[in-house]
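Chains: A, B, C, D, E and F, in written order; residue numbering restarts at 1 for each.
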Amino acid sequence: MSLFLIVALPFLGAVFPALLIRAGRNACSWSAGVTTLLAFIGLMINLPAVLRGEAVTARLDWLPWLGLNANFFLDGLGFLFATLILGIGLLIILYARFYLSREDPMGQFYTYLLLFQGAMVGIVLSDNILLLLVFWELTSLSSFLLIGYWKHLPEGRQGARMALAVTGSGGLAMIAGMLILGHIVGSYDLSVILQNKEAIQSSPLYLPALILILLGCFTKSAQFPFHFWLPHAMAAPTPVSAYLHSATMVKAGLFLMARMWPVLSGTPEWFYIVATTGLITMLIGALIALFKDDLKALLAFSTVSHLGLVTMLLGFGTEIAAVAAVFHIINHATFKAALFMSAGIVDHETGTRDIKRLGGLRHLMPVTFTIAVIASLSMAGLPPLNGFLSKEMMLEETLHTAWGHSHLLVPGLAVLAALFSAAYSFRFIAHVFLGPKRSDYPAHPHDPPVGLWLAPAFLVVLVVTIGLNAQAMVGPLVKVAASAVTGGELPYFKLKLWHGFNTALLMSTIATIGGLILLVSHGGLERVWNALPRPEAKTIFDAVIRALTGLSRVVTDTLHNGAISRYAMIFVTFTLAIAVYAYFTGTMTLPTRDAQDAPLLPTLAWFCLISATAMLTFLHRNRQLALVLIGVVGLIVSLSFNYLSAPDLAMTQISVEVVSIILLLLCLNFLPKTTPVDSSLTIRVRDGVIAGVAGVGSAALIYAVMIRDFSFPTISEFHLANSYKGGGGTNVVNVILVDFRGFDTFGEIIVLGIAALVIFALTEAVLASNVRAYLLNRKPEWPQSGDAHPLMMVVATRVMMPIALMVATYIFFRGHNLPGGGFIAGLVAAIAYVMQYMASGFTWAAERQRIFYHGIIGSGVLIAAATGMGAWFNGLPFLTSAFGYVHLEPLEEFELATAALFDLGVFLAVLGAVMLALESLSRFAWQPGMVTEHAMDINPKRDDPPPEPDPDADPDQPATEGGT
Amino acid sequence: MITYAIYFAFACFGVALMMNLWRILTSDGVGVRVLALDTMVINTIALLILYGVSISSEIFFEAAMIIAMLGFVSTVAYARFMLRGNIIE
Amino acid sequence: MAFAGELIISFFLIVSGIFGFVGSFGLLKLSDPMSRMHAPTKATTLGVGGVLIASILHSLFMEDHLSLHELLITLFLFITAPVSAHFIAKWHIHRHETPESLPDAGDDGVWATHDIEDDEDAAEMPR
Amino acid sequence: MELLLATAVGVLTASGIYLIMRKRTFPVILGLSQLTYAVNVFLFASGRLAINQPPILNKYAEVSYTDPLPQALVLTAIVISFGMTAVIVMLALSAYLSSRNDRIDLTEEPGDDA
Amino acid sequence: MNHLIIAPVVLPAMLAPFIIMVIRHHLDLQRIFSVAATVILLGISFALVGQALGGEIQTYELGDWPAPFGIVLVLDRLSALMVLLTSVLALPIVLYAIGSGWDKRGRHFHALFHFQLMGVIGAFLTGDAFNLFVFFEVLLIASYGLMTHAGGTRRLRAGVQYVVYNLLGSTLFLFALGTLYAVTGTLNMADLAVRVAEMPPEDTALLRVGAVLLLLVFAVKAALLPLHLWLPLSYANAPLPVAALFAIMTKVGAYSILRMYTLVFGPEVAATHGLVGDWLLPAAMLTLAAGAIGILGSRDIGRLVAFAAIASMGTLLIAVGLFTPASATAALYYMVHSTFATALMFLVADMVMERRGPEITPRTPMPQSGLIASLFFVGAIALAGMPPLSGFIGKLLVLQASWSAPERVAIWAIILIGSFVTIVGLARAGSLIFWKSHAVEPEPDPNPQSPPEIDTAPEPSPGLTFSATFALLAGLIALTIFAGPATEFASETAEQLFDPSRYINAVLKGGEQ
Amino acid sequence: MRLLRHIFPHPFLTLLLTLVWQLLANDLSLNSLLFGFFLGIVIPVITMPYWPNRPKLHNIPMVIEYILVVLYDIVVANIAVARIVLFKPDAARNPAWVRIPLELRSPEAITVLAGTITMTPGTLSADLSAKGHSLLVHCLDTDDPDAVRDEIKQRYERRLKEIFE
């Protein structure tokens, strides 16, 4: 079967349980089991090839640009691990089917489990280290889900997070390490990398790469000091613990060390880092396991210890040590999985995993007892079980290992670790199964149904048979796997129970006897242990995370404190700093233009502007005054534009100015009329300094610009030259706006239209909220005068408004050739309407003539766009203009231009937008009772009609005239 | 002769402008300031037209006209604000 | 003729300059707020009017074409200046005068600016 | 002339920037308005200053014209910033009416987002 | 003349006015037109990408005025890619907005939505610097409306800040354009490139100031530290589907930096040398750090995703800031990824928020918790750059691209540690929201008038919202599976970018300059 | 007749607007005359809702007379004001309020009167009474408020009454 399929099957299988959640527990477990079985079978088909020493490969280019490819290969090592993963996986699926209770979502469980399984298979079959990284991180993620499977347990949540944090971060380090490795070799394909030992080990980047990769391995395989997450991962359901935390995931780190062994090992760095870490982990894990009362915690620390053992063996860097490592991986997987399952059964049946509450179960649960005893004794390293064999090999290897100059350190500590190991294994048997039967089990324990004990029983059978006949059972497998680890021929070895009386056996004996002694004296030792101050990893981890979170919170909340006044300060300061930097790293020539002299008039205007601005800045707290001053500034700016040959700008500026002031006045009606002092003097001085620097900067910049010529001829020379003959207008600014750069103008009217829409939408949103009630009950801040709509104003408007509309029309039509155009015309027309609204009130005017400003805006934009698209029919691009001169007798010749149509769009959009905005704002002040009945409040003609009624001089009653 | 007359008028309206500014800067009531701004607007119209006369250009006419119209509207707006709070009611 | 033209133009320019000055000077000099209003509304308006006439004459005599559009600005100012002044006067009455400080309003009882409805709901009541 | 304009830009910019660092919406809007003036004049001046050379083509005489392009750009910019001003004014008002508070900062104060 | 180039701008520009004019009061019709137009837009975008694939750069001279005197639209691989990205993002979001009923909580959602698309697409297509400003403003003002859509006190107040900050940015934009025009006398980007390259070496200071101011404008949009400060409050308080759409807005900033600083102020240009290199990269790294720290320090889910957006912009800007073809390749791939991932996460955050409020605290369970939890998990994987999704590939590409940079160690450390912090933060948030809530018993509700409705989704049509989210997820998956072709496209795009003469020749027609 | 009223809601306005257009266009041509007239018809129709009633001018010659009188008054009296402003000490001035009882009833007429009062120097119409039957006028400097009142009524109101009512 293709390797792709073997890797893909578990992932495919993960889909079924998710889909079959409603189909029942059996369907879920069956689908999971069958896919796993298929993958297993697929794997086994490759057994002959693997045993022949061939590597089965499958390649697929995924991301050649990066070198990340879906390349797989299967050699002895991969085969061994894949067998463990899929084989034990099958047993776990079986076991879990009976272990999980009715309330547990079975589909989810199997989905996660198979995801994990697929990721693991992926790791061990990857022939591309980037691909391997993908699977590597996937195992972290899926194990996160599995550990947190029981969502109601806080320990599950915390354990899952801790596992993810530790293994995830290791994975990140490994990414860096792998990338470095890939760069040294020039390829991310394992098969290539494994050929480049020389290049790698001689590279200056060897040590960084080694450390980074080992960080990944150590975190994953729970090596000291990253071992602390594993016991907390025990909050997972027991099948998960048995699978991930004994047989598979934690072995991923070992796998990788074994995988990389040919190119990374053999250096002192490797030895001292790997072997030492392994040794310490083995010792500490065993020691802690001895004092754990929780069955699973005991097993977890035991796992830590055994992982340390394998790590140490790999660290030794010798071929035989590698063989021992491979062999122990197999053995540990069998007995530890069996033990976890047994612990699960005990938990399941008695309702507790606390050793202190257990004891005497051997009669109540004979089957479980048998399984647990055999597995425990293997863990203790007693003959004739498989644990004994690999432990012997380990001890033997320690004897050949010198740490620094000491030849005793490693063997001595190894014996000590083996001693602890024996002790906790014995304790597992003695304190759970032996001793008197108790009366206070939380449940009534008895042996479980066969479904639960079948899987561990099978494993125990393996434990025994491998122990008795290792060479036949696993010899070839170990051989191919180990030669894959070493990457070459192995020295002769034979897996056997009896090597004669040698030092290793002596060490074993010491360990066993010592273990028994420790078991006997456990009570006393426990008191000593509990009295000792020990760093509790979880507390530290929690504290670190809490501190990290707290610190993040402080940093984040301080940096992003929601104070835009500060954000703006930072913005301005940063911009200034960068701009000053850019300036001073550049070069500058002397001015090339003479400054023009300043006559009296501009100087006066300048003086007005400066005074008004200064006053505005210092007296801005009086908001009404500030608006008057803004008016002065706008007026002067407009005048300056006039003076500086920009009549179009001047008109636009002043029109926009007035409409803005009206908007601001409408708004200020509701706002407080003064601004309180919020900032301290220091802050104000600081802001003043920043503002001053910014002012100097902008002034200097524009001054430097103005006293220099353009470095190149400007594109506007073209505009001046082509405005009349190509654009049909003599007002070049207008031709630029509606023709050369008509697309800008198109965008601009859309901006204006959107602004009006936004304002309208905001009004609707605010008036739909409880603000409406506030507005209805709002009293004016100061007494209002009488006579809201003075007669004089109304009458003046009746004349002025038509004239203003006339002016707007005039401005519109002349714009193409003289200052003016659709935009200014639109504003003037809008102001004409505003005049009417101010005179007689919004409601009165609106009632007389309902204008759908939405429609005006929309039609404006559509007319502009349609004009632009008209050019398409001539095969010309959007916004291509056309114009012609019409001569109709007896009229004089006049011009017709599509630009005028475009400008009409502009006019309408502007008019509609301004009016919609004003209308929306006015609605805030509108109150239901407030119907303005008359155009003017005082009208003597209305109040006392003349003696002879004249139909033409009807009072301005809406009833008589409004309906037209 | 016209040139001197124009200079004279420039000076008069320029000084007038400064006096308006002084009123705006030193008054205590907003009403007077609005009045001063209104006057300022009218004075600038005069200045614009004068400037047009001085350079024999009519390019400023429309601007002056629009300023005249808009100056009125803004004065009314300010005044309505002071009288009624709401300028469009 | 040209000299006469120049003379007339200059005359208008000077006179309007003086009125323009007077308008703003009055705004500065006169002490009570109501009086201040007098100067700018008339003198300034007249001053601008003079400039506009000068401009018309200038184009007529100096550039030889009739250009009357300055009249339009004059028209605007004559329509709007009284209304502006009226509003500002109302503001003054609203803020600084009481019914007692003003002359009696005759049969109507009170001046319009002081005619404030006490009842908020008065606007709803039929007249 | 150039110096007058440059200093005017500088003063407007300084005023605008000082005001946008205030803590209430209204002065910030005033500041934005000042900044808009400043940048419009700035952009305008990027075409250099010319007096009495409006870019209105004279069919009868060879005259020089000021650079029309910055004028067109400023016109667009004025219109756009008008739209922006209208929106920020309305938004500031809406925010004030909703919260009865015209502070612009949203620093976490108890009861701030009632 | 290939009118298709302007179609993606004109289509929304016509549709939105049509909506407000004709079918303003008919939400159903608005929805139909809005979705239909988005689908058409998607079709146009695919066609444009198809045209760009050939490698020939096409231009569209508006008003038939020759460049550089008129405005020109330019279709190259990059612009086509960005337009496609925009429309691909738009469809799920508009569907989500409809499905969740967000579009009817305020006025004019669809019109503003299409105006926003118009602005974004115009910004991607234009070849004129001032026109870029105009489209920036179009997209910004539409975003102001969308950000404050449906109102609400906090949203409005956050909206004020958002608008004010961006107005500052717009002002700066004009300062920059004024300076550039004053020095070079042109606005056309290709023409700018020509002139900047010919700039006399003894007179560069003003040009440099203009160039750097422009960069800062784009940095504001791209949320580069310390100009990113506007983002958390704005995005967290916007309607979250809108925030999802805004995922493309930050990309406009990144795009503009990439465009301007390869075309005009490219690495080879002497006059503007060192302007970017000296600080963009460190700032990008700090952005990533600030984002990651923010994720860990967030108290509510909207803010969490906002910071995730910042972090992903940090990563993207690191890639952009390296300014090599390889880094640009990584940047383009990551850009697509980051857009989908951020948008997906905002939509998921919206689902969570609609069901149980924004706080990252244990609460009572919510309807469809399992499905949403899965989506959150997947989104978190994507954002944290964990395998198997495209985030991981993107991260690898960025790491790989930075191999030859002198700042390699710092970049790697920041990216990897940033990922770690992100993972911790997202895991914390996810487990609190989805797992712990599972643990808390549905307590007696303190307000009896709102009984907890566990089984009913708050959206009018959850089917649509979930489909929309899954569509984004599918985008991520496709990006992962087709990472090969995708990086191939990105690398060819980067090649085109780093050969500005092709662009210049296409726009200036062989350069009569 | 009704149709005509719809086309020309305010014939004088039409006339005024046509004139305004000529002034705006600043050249007299058939084009501008026709177009101005066209606008003079269209714009009043658009703005008609805001000016529902139709004031009538009864005495056209009187209109011209009135304009001339006012222009004369403006010029002459402005000189007086200039003198006051420039030379008269503030303390020597006698500002005063004057109430003018109105006989005019038409709003248009009252507006013209008030405007005239303001534009003619020395007086400024400040307010109307609550029902519009009196006009409040402020005098810059007067010793005899009653004389001011009488002169206004005699010189302006009388003529306006003839024009409007």
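We adopt the following convention: a contact is a pair of C-beta atoms (placed from the backbone, for glycine too) under 8 Å apart; a residue touches a chain by one contact, two chains touch by 3 or more.
Every value quoted in this text rests on a predicted model; they were computed, and no experiment measured them.
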Reaching subunit C from subunit B through chains that touch each other, fewest steps: 1
Shortest chain-hopping distance from subunit B out to subunit E: 2
Chain whose Cα centroid lies at the greatest distance from that of subunit A: F
Central chain (distance from its CA mean to the mean of all protein CA atoms): E
A-F against A-E, pair bridged by the larger set of C-beta contacts: A-E
Farthest-lying chain, centroid of Cα atoms versus that of subunit E: F
Whole-Å gap separating subunit B and subunit D, where each centre is the average of the chain's CA atoms: 22
Inter-chain centre distance, subunit A versus subunit D - centres from mean C-alpha coordinates, in Å: 37
Subunit C-subunit D separation of Cα centroids, rounded to whole Å: 32
Distance from subunit F to subunit E - Cα centre to Cα centre, in angstrom: 62
Per-residue multi-chain contacts in subunit D, two or more chains: 20, 25, 28, 40, 42, 45-48, 52, 54, 56, 69, 73, 76, 80, 83-84, 87, 91-92, 94, 98, 104, 106
Touching two or more other chains - residue numbers and ranges from subunit F: 20, 24, 26, 114-115, 125, 127-128, 130-133
Residues within subunit A bordering two or more other chains: 557, 562, 564, 568, 572, 643, 647, 668, 698, 701-702, 705, 710, 714-716, 719, 740-741, 744, 748, 751, 754-755, 758, 762, 765-766, 769, 784-787, 790, 792-793, 796, 799-800, 803, 807, 818-819, 921, 930, 938
Sites on subunit C touched by subunit F in the complex: 18-19, 22, 25-26, 29-32, 34-35, 37-39, 41-43, 45-46, 67-69, 71-72, 75, 78-79, 81-83, 85-86, 89-90, 92-93, 102-113, 115
List of subunit A residues in touch with subunit F within their complex: 786-787, 790-792, 794-799, 801-803, 805-807, 809-810, 836, 840, 845, 848-849, 890-892, 894, 935-936, 938-941, 943-944, 946, 952-958, 960-962, 964
Residues on subunit B engaged by subunit C in the complex (per definition of touch): 1-2, 4-6, 8-13, 15-17, 19-20, 22-23, 29, 31-32, 34-36, 38-39, 42-43, 45-46, 49-50, 52-53, 56, 58, 61, 64-65, 68-69, 71-72, 75-76, 79-80, 82-83
Residues of subunit F touching subunit C in the complex: 20, 23-24, 26, 74-75, 78, 81-82, 85-86, 90, 93, 95, 97-99, 101, 114-115, 117-122, 124-134, 136, 138, 140
Subunit C contact footprint on subunit A (complex, rising order): 779, 783-787, 790, 792-793, 796, 799-800, 803, 929-931, 933, 937-938
